[in-house]
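Chain IDs A, B, C and D follow the sequence of writing; residue 1 opens each chain.
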Amino acid sequence: CTVWKQNQSHRVAARLDLSGIYPPIATPFTAKEDVDYQKLEENLQSYVRIPFKGLVVQGSNGEYPYLTDEERVDVVRAVRRSLPADKLLMAGSGCESTRATVQLSEKMAAAGADAVLVVTPCFYRGRMDGRALIRHFTKVADSSPVPVVLYSVPANTGLELPLDAVVQLSQHPNIVGLKDSGGDITRLGLIVHKTKAQDFQVLAGSAGFLMAAYCVGAVGGVCALANVLGRELCELQTLCVSGRWEEARVLQQRLIEPNAAVTRKLGVPALKQAMEWFGLHGGACRSPLQPVTEAEVQQLRRDFSSNGWL
Amino acid sequence: CTVWKQNQSHRVAARLDLSGIYPPIATPFTAKEDVDYQKLEENLQSYVRIPFKGLVVQGSNGEYPYLTDEERVDVVRAVRRSLPADKLLMAGSGCESTRATVQLSEKMAAAGADAVLVVTPCFYRGRMDGRALIRHFTKVADSSPVPVVLYSVPANTGLELPLDAVVQLSQHPNIVGLKDSGGDITRLGLIVHKTKAQDFQVLAGSAGFLMAAYCVGAVGGVCALANVLGRELCELQTLCVSGRWEEARVLQQRLIEPNAAVTRKLGVPALKQAMEWFGLHGGACRSPLQPVTEAEVQQLRRDFSSNGWL
Amino acid sequence: CTVWKQNQSHRVAARLDLSGIYPPIATPFTAKEDVDYQKLEENLQSYVRIPFKGLVVQGSNGEYPYLTDEERVDVVRAVRRSLPADKLLMAGSGCESTRATVQLSEKMAAAGADAVLVVTPCFYRGRMDGRALIRHFTKVADSSPVPVVLYSVPANTGLELPLDAVVQLSQHPNIVGLKDSGGDITRLGLIVHKTKAQDFQVLAGSAGFLMAAYCVGAVGGVCALANVLGRELCELQTLCVSGRWEEARVLQQRLIEPNAAVTRKLGVPALKQAMEWFGLHGGACRSPLQPVTEAEVQQLRRDFSSNGWL
Amino acid sequence: CTVWKQNQSHRVAARLDLSGIYPPIATPFTAKEDVDYQKLEENLQSYVRIPFKGLVVQGSNGEYPYLTDEERVDVVRAVRRSLPADKLLMAGSGCESTRATVQLSEKMAAAGADAVLVVTPCFYRGRMDGRALIRHFTKVADSSPVPVVLYSVPANTGLELPLDAVVQLSQHPNIVGLKDSGGDITRLGLIVHKTKAQDFQVLAGSAGFLMAAYCVGAVGGVCALANVLGRELCELQTLCVSGRWEEARVLQQRLIEPNAAVTRKLGVPALKQAMEWFGLHGGACRSPLQPVTEAEVQQLRRDFSSNGWL
């Protein structure tokens, strides 16, 4: 990665600080399933009043696999226009092939992303061993104009970025961290331990284990639930960072069920439904994702109300 | 699907006959990972001398997730130019979103596909239940200018198209069959049983259970191994169809290990390596797929030679 | 296994012929959950009129993990007393430890078993690799007074006896076959292929893939469904063995759903419920197995009636 | 559970305090695979000098599935004789059937156990839903002379005790806690949250997530690693309980790899090997568990030495 080292050496000096809370924002659609930029803009107006570190655009909750490459970039560009300069914009640029990921990472940087979030390719998961994944991420990081954050989300990809690969990749000067959505707290603690020489930054990929992640050394979280309870997650962060663990525990416990509801239990359609309840625009999903059923809406409401959020 | 019924009524009269063997062809790449149309053409010249029913283009073995939409269509167009008119061209047109799949199916038909093979979307697999998948495939089939073949490949997608969804979809006039790569012979038999009123055609998705699939009522196979042992698989078909089961068994047994080697054990890179041994062009894979290691090459060779194929 | 070779050499001369159909019989319990020997005896009177090759006693359907070692032996002894001498009695003698399995196999032989069916130990499944399992089965086979049949049932054990271990174990003079309940027809075909030099006998472990198993070279089946549709399964065997595959297919297809209902869908409690409908004694299960719910009974009935069996 | 309420009412007044660290002790065997009571006694002499809350006897690390019921009770009796009265003895009494578990729990109490640890029955895991498991544990708790601790260990049983079942069972007066070895920290936090009205006590089932478990509200740990690094785990407990999280994190991180080595990576044989290095008697496992291979010994040693423990 000689080229990278020359071009980017200024960056190494001032490593991008990822610490804090990020909502992986949802993509609102119109009734015809087109991106609804107006509603997206209105959501951003709400988010800007919350002390987020930044936003993740085109994460799993943004339905990125359903957008064209052009749409993915356009949404990032639109978000960048509205987002204050001091808020970090992390853009999902992962594709199945290395070459497509390289190209999309460049476009995301040009569209204003401060960092790219690169998910593990997974279709040929039987062949996506450490060797293949290290090559993939290295090539992407070598050419990316902005820092790379690794992204492991086994619930969607059926694949976990192997710990040894994370450790090796953490030494790359343009790879600054990992978003881990698997929820294996032992693994998170070990990653923090084995990458401490690299000042590698670990982000919890879900609000369900945010406090525990802080406890073992994570520096922040990218949490679907932050789309609806963003202020509360920022408060949880403050409690953890300032060592007020007893208060943190009480708050964390009330967030587990609503978080599970909008993630592994009912997914993106539930997140979008809940957003409507909290004054944001969720709206429909793009097909084949279907809206939550009436029974699921009841369950979702219970998971929020029984914890005092509705 | 009223529109469909008007436009396509001629087709219902003469249901597309899928019976027979298809190689899901590999996509050769140059050293720079571009599609190598010259080598593709040469492979087609070899295949045309084998009594295949047709070819599958952009199946999993064609590395379709690594191609752009344009490349996917271009490869189909190139194959159609070389393929005799009496050979069926089945083109993979599955994407994650319904709208992209609809559009790509239309392009594939325009490029000369006789049918489209549509894989289950899978990224949000927790939400891809029967309801969502039935809507997805129905919408695609409603608008597709050519018949649709369903495609269930759990090893890659982590998702099996539910049996009840298959049964309901089999009633759609523009859905003519299923390629099932899961290898659950009980399920295959039950699908044949529950769709018999619809003249729905089941294709085995792998050579490992081809004879058993014929035995329970399948009409053909889309088999990676047909890229290298195509003549032998056509012979196995003949033996099964003519009821010469004893001979079929002997041949089938010798095909299981080489088939496993080029599919679930070592995957597409091994298939491409084996193609080189049999006078075809396999070549490199597009990254992040890595070539087989030296140890894997040895194992691959053993799986062919110990069964008398090398 | 020197000792074995001396003691058992007479047996090698006349290898035990396993070919045919076996019900893995259920264990009836009284209302107080004691073994109901009276009802067991009455069931045996029904079974004796069906052309079974024999019976499996203390297979998974016999709730053997819920019986004490004494009960396991007593039930075998009771069955042997009622069973005509020309019917083969295969007794489940598998335990978690090798020493317990060795002892129980001896007791089963003394109680009248013609062969023992030995399931893979599985509690420490992470350590139950080929090496450990080969040692286990070898030790058991070395000392067993009667031939050993291997038993792989991943749905219950979470473990599949590795193919290489099967092949190596097939060479042991006192191991005569395998009951495979996994349903992977490719694996079954390969096992037949790789053990053909040993005259190793493969039995399908479920009625759902019985015809396909015969097709690839199995010699019989141990089928839960034989407890209720025993005559029909014996007829399916006859059709397969005599090459009447078209008729076999029609019959096989009607058996898949009732078979799934009494095995993986609803399990032993459903099997016992269905037995009541067909004039046999099923009765309650031993706790913690609970009886089927009312909704499950409806589903079970539909799976039989929609295929013309009720 | 009327009977229970009368007999045990004294206990409700003074709920058994489980808080602290427990080694789930290994069972040493002689070369002939008999229980080696002499070496067991010597191990206990070492453990008594460590500030453990007590010992778990016949947990998974005690190879209980390989012992006869008599041996299981004898080992508990032997441990009780050596153990100071102020150390808690928790005895594994779980069996597959409810009746066997009831009987063994009574024997364990008679042999001196202060509490019984009852694992989820799992052989018919497809039928072991909340309903069945609640009945099982309720019946056991109703009749057990000593308090019951639930035990969920999916790596061995392939089954997780459902959260709703845990919550309901936590209301039983004779069920005082849960040992959870699954490592899902979100689940642990939610269990603490949903059982807080019952003063239900959660114990981490592994040292890998001990600090995180304390962080979310657990009160102790049953940790295989405590057999070799018991003093260090007790120190980790002290750091967590006294809120010295920074120091706790440093110590926790160094324990993850050795813990993984003696649990999910290499299991009981590795634990026994490591015990030898730390002046304890591990010795052989009972067959079919095999000793670690030479390569595994190297790996095991690295996992301890690279973290400064050897």
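Just a few scattered comments:
Assume a residue touches a chain if its C-beta (ideal position, glycine included) is under 8 Å from a C-beta of that chain, and two chains touch if they have at least 3 such contacts.
Remember, predicted model here, so these are calculated numbers, not experimental data.
Contact with both chain B and chain D is made by A, C. Ranked by how far their CA centres sit from the centre of chain C, the chains are topped by A. The centroid of the Cα atoms in chain A and the matching centroid in chain C are 50 Å apart. Spacing of chain A relative to chain D, judged by their CA centroids, is 36 angstrom.
Looking at chain D, one finds that none of its residues touch two or more other chains.
Chain contacts here close into one cycle, and each chain has exactly two touching partners.
Chain pairs that touch, as defined above: A-B, A-D, B-C, C-D.
Here chain A touches chain D in the complex through residues 183-186, 189-190, 192-193, 206, 208-209, 211-212, 215-217, 243, 245, 249, 252-254, 256-257, 260, going by the rule given at the top. Listing the residues of chain B that touch chain A in their complex gives 33, 60, 65-68, 96-100, 121, 123-128, 131-133, 135-136, 139, 155-156, 158, 264, 266-269, 286-290.
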